[in-house]
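The structure is given below, and queries will be raised subsequently.
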């Protein structure tokens, strides 16, 4: 279907305005079929009429419309819900849900939907499903009404409220009623108690609803309204502080993830590893490949894709790290500044390799369902992916600490970094300890890449955007100290997030850099510097 | 010691003479065109695609017999996202490889870097990306959108069909967003939007932590008026931005985001299900229902041997620019810059949205403006299409440029003619 | 005397380099301007400005060599000084545009006009005056280096910590210059220059002169650098590099020594930037990118650090290679570049010049050893004879 | 005038109740120590006794937490940094020989010469005949005249130790702190070094830290034994080596 010109739309609108009233009866079928040739404005009117029928049978059709699954058959302009099947579509009757045969791709046309229509549908669906036998659907319906209040839904809400027995659903419906009352022409007293209800509900959404009626509210209620708004706002301010700390921690955990591998290769081994970012990138690409394989072969495993990607990324990047160490870095011990040059070269090559294999564009790495969306904690919103990333970074940190402090390999590693000759004379194979330490650092960077693929671009440039921040974190925290990296990352994250609202993101970042520079003057060896003579040696 | 010195001197001389001489081998039966897009560095992510498009277009044209009976030959160089290198490579293409025209650049910085080179050496650049306007060079053709071909229609659409009254202008802190937002702010205020209903926010390049800004947008949106975000956020920063939007549950039905730099390529790196309904304004979408577009997509997928490759607006702009140049060269009967510059004005070529685009005397082109909503499959559903709009190089909403026009036809031949003073050259004083 | 010989050789090498540079400064413009374009000897303008650019990079690498090769300070932020010098020159060139900008505003540069600035920010004043601008080319990078170095060297920030904070410095400056509110043209930077001291920047003659200036400045800075490193100060400098605490316990103020060198080096980088801008026609915040500064380190390492000549050769070679590869093999040039860095660090740790010099020295040492051997051979019969007695 | 004040007035170097700790470890524990002008003093003590830390404090490398450190009874060394202290006339030789390996022996000495050490003074310095004579003199003192044009890197371990001592001489200090000068030397070299130090001590004060008891015996001077950051015993070598606390803490082990 091509877009109509304005004139055509006008014409159709005229015809419809005569035709539409004749459909306004209890049978929604002709209304739905009329959607076939309606433009957005007409469709909005039709939706109003469909909702007004109060017929719950239209719900699947409305749902399909919102999802973009509503099609009409070109031959007879009848509307169906269509599901892709093979090269064509399987048609389903919009009202009865009965199968209505197949259709080739070019025999049907999608009925277009836009944001505005989706909003209307949401509101209409809310009204229509308030009486659903399914508790979850009712709850959803009440929330839908809550989010897009309209006085037309008021009667429906009240009817549902009278029948509702479930406590939580009832409470939600009370709130939905309250928001609908506000914009209706109910009595002042009813509105006053509605304001009270909304005030107790709190949150940004309530604030929006209260604000939206502040121009049209009766004079007598102005005071109540303003008081309610002020109350929610002051409460919200406190939550904003908490939210900011959360954002800071979450940014900090991203920095920690980015830096923690470097804390080993640079912090412990003293290699200025400019290819560290590329290890993170390789980890992200491993995730991409794993997801591709899963999508093609076992789509039902998708929610497990990250769990599968973790060991894959660790092994892939660890192996690449091993090769780099054996091939390049082992010749450069004791010449830290030259490792910078060589690893810079390595990073260019890795970037270009990835670019040659996967192309320069972003690759899609999906969020498993458990990492999507958010949940409210009081007045703040916590997104699942951020929460998992915080937990994830902390567990990597702990795991690494355990490996370093408790395992035999960790013991060897510390022995080698503290006194190479002594370790070697005690029978430790220092070259292999070096190689595996580097591989471990790389592998951990790869694991970090799995997590970062969830919040950032997966492109050949991924690593470049983290490398400088990673070095800042490690240096700020104090080279050679894992705890320093942890505290450094988190404090830089929180600092950044507290600067950002007042000075903006750009200036905030500059200020953080300047503060790091000044801090290093004060403590030339970072936050958790080792003191004493040994360091100088 | 002296040996070393001689060696160094000889080396220098060799390098110099080889670079100087290698241009001399251009065969007579080919016409060379330059392709100046970054294949490495930060911009490779966007520009590599355009290089491929150019190669495809050249191949197609050669199948049709080339131009003026000669084969076309694309000279590809890599300016590596390094702006001074753009100027160097442009100079190399023009004076050493003797290309007839150059297709390239993405960022404004790169275009600004090569502009003096093209003017000095009198060659032609086709610039295929949307940009902030405020420029009209005798030697450059701007086939991407000017702000009036993208931003203003998008804002109109939101105001009219979604009833938006409150605006967040969020952008990356560089010249295109700054200028576009200045224009938009002036435009919105001229439409009666109060200054307190406009929030402007800038972020650094490659910004990846959007938590605070998204929650600020939420806050701004809870003032009881319908709110929308106009995003001029650049390239890489978009993916984390949209991910954060999706996760914080900002649905398009509540606060729609309309973007000017997000196309099919950017969405290819995203799970778009949470983003359904957010908008973009371009002059072309892959989902355009037109025969010419279907052919183009088929060709593209065949050329790249990848069924998943998508097409986008800058590709269409490159397509229009290339075809306009071919047509102009054929009309002029030569690739001589001055002749082509004369013959190209007024040339109309089919665009991919089913209409035609005409090269205007201000070196911008006419294109329709399409508003699309993001779909779950990463494509756009076109919700509005305007008739073709002429690219406006000097914005009517900026105080210092509203009196300027550009007309490169004789006798005016001026890129910044001041209609108030009647003189060429800015203020004309 | 071996030491005397080494000094004389060093002398000779610098003198040769300076002579070559001065020769190039004369010859290249002459070949460019005076030979007809189809002559085999003709050097096209394209090549002139390309090589002019290389010479600017060479000067930047030389500046880095002074602090890294001789003083042991690995600055990952030298690009910042280069860019600041470039901006100072760029601001002069912008002011020279006058009312020839697209908006015809006689005072404000174009980018300020369309972003609605009403008056020239205070820090733009004076830049219409060439002498002032040239002073700023030295003062601004010098001042930044002074302030930065004053704090860093006094607090004894060392080694990799210093490298990382110099990187933070250039990164912060990059972000700052990207901001349009700073008044330096944001990401587009300063461009579309018209003329310099009244001569059009695009003209062949101007380009030739700029090229010659680059060669001459490089020669001059080579002489200055070589004078510094061959003085007693230079020996102290190397001492700081090799055994900083010893220098300190000998009573030298290491922070002053470093500060002086850092400032001189920053000024040289500023000069390089100032010469670079009119030749490439643009300066923008991309020059502050940390990756650029790392590349400078690479040129220096490739040529051979601590040799003065090496970085010059390294900068020219790597950049010529870059120009060639980005044109001839755009798809694979990053492999070549990356491979080069690895190869140089693994196989030529002293860089090209360092390795040649080492070969030279060891050949000499072998000769000396052979001499000694011969001496001993002659001596042996005597001892044997004595033993036989 | 009481005893303490008198000692202090006469002293070249005066440490009183100096304490310093690193991360809770007390490296020096109210250490008091006096060196008189023209004195040659040996310091012994087990590892971790605080010998090197004491030197660090005297030379300004480490700041004490508490205590007084005076030079010539007037100058508070805790307020000065290494360069100042070196210019005051305190020279220090490290445990590990630290010379400028990429310079020649001659250049090493030239750098150490007690001349104006300012940036511009060194930039425009030219070698005067007087300085040349002084360097030649030191070269012969440290027995390196024949190797003066060689890179310091090519010297043997012992020669590097001597070169470092020579550099200290060039500095013309009033007080020389020498940390383990004979570590890694042959017996012959050790004996020669003892001679060299005795010769040097004729014109200035010298403090020698050493483990080698034979060497200390050879020096035949007053010995201070440190342990756990404070003075355990002080006196002649025989007196100290018979002290039961010293035997328990140091020699016995």
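Chains: A, B, C and D, in written order; residue numbering restarts at 1 for each.
We adopt the following convention: a contact is a pair of C-beta atoms (placed from the backbone, for glycine too) under 8 Å apart; a residue touches a chain by one contact, two chains touch by 3 or more.
Note that the structure is predicted; figures quoted are calculated from it, not measured.
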item	value
Comparison of C-D and A-B by number of C-beta pairs in contact, larger one	A-B
Chain separated most widely from subunit B, comparing mean CA positions	D
CA centroid of subunit A to CA centroid of subunit D, Å	65
Distance between the centres, which are taken as Cα means, of subunit D and subunit B, whole angstrom	72
Chain centre separation in whole Å, for subunit D relative to subunit C (CA means)	42
Distance from the mean Cα position of subunit B to that of subunit A, given in whole angstrom	29
Junction residues of subunit A, two or more chains touched	351-352, 464, 506, 509
Overlap residues in subunit D, where contacts from two or more other chains coincide	none
Contacts with 2+ other chains: residues of subunit C	175, 178-179, 331, 334
Footprint of subunit D on subunit C - complex, ascending	1-3, 228, 231-233, 235-236, 238-239, 242-243, 245-254, 256-257, 260
Subunit B-facing residues of subunit A, complex	1-3, 40, 68, 112-116, 118-119, 122, 147-148, 204-205, 207-214, 240, 243-244, 247, 250-251, 254, 351-352, 355, 359-367, 372-374, 381, 383-386, 454-461, 464-465, 496-497, 500-501, 504-506, 509
Complex contacts: residues of subunit B adjacent to subunit A	39-40, 42, 44-45, 48-49, 161-163, 173, 201-204, 206-209, 211-213, 215-216, 218-219, 221-225, 236, 239-240, 243-244, 246-249, 252-254, 256, 265-266, 268-271, 274, 276-277, 279, 289, 373, 375-376, 381-385
Footprint of subunit C on subunit B - complex, ascending	1-2, 4-5, 8-9, 11-12, 15-16, 19-20, 39-40, 76-80, 82-85, 87-89, 91-92, 95-96, 107-109, 112-113, 115-117, 120, 134-136, 173-175, 178-179, 182, 202, 204-205, 398-401, 404, 415-416, 418, 425-429
Contact set on subunit C toward subunit A in their complex	74, 148, 151-152, 154-161, 163-165, 167-169, 171-172, 175-176, 178-179, 290-291, 294, 297-298, 301, 331-332, 334-335, 337-342, 344-346, 349
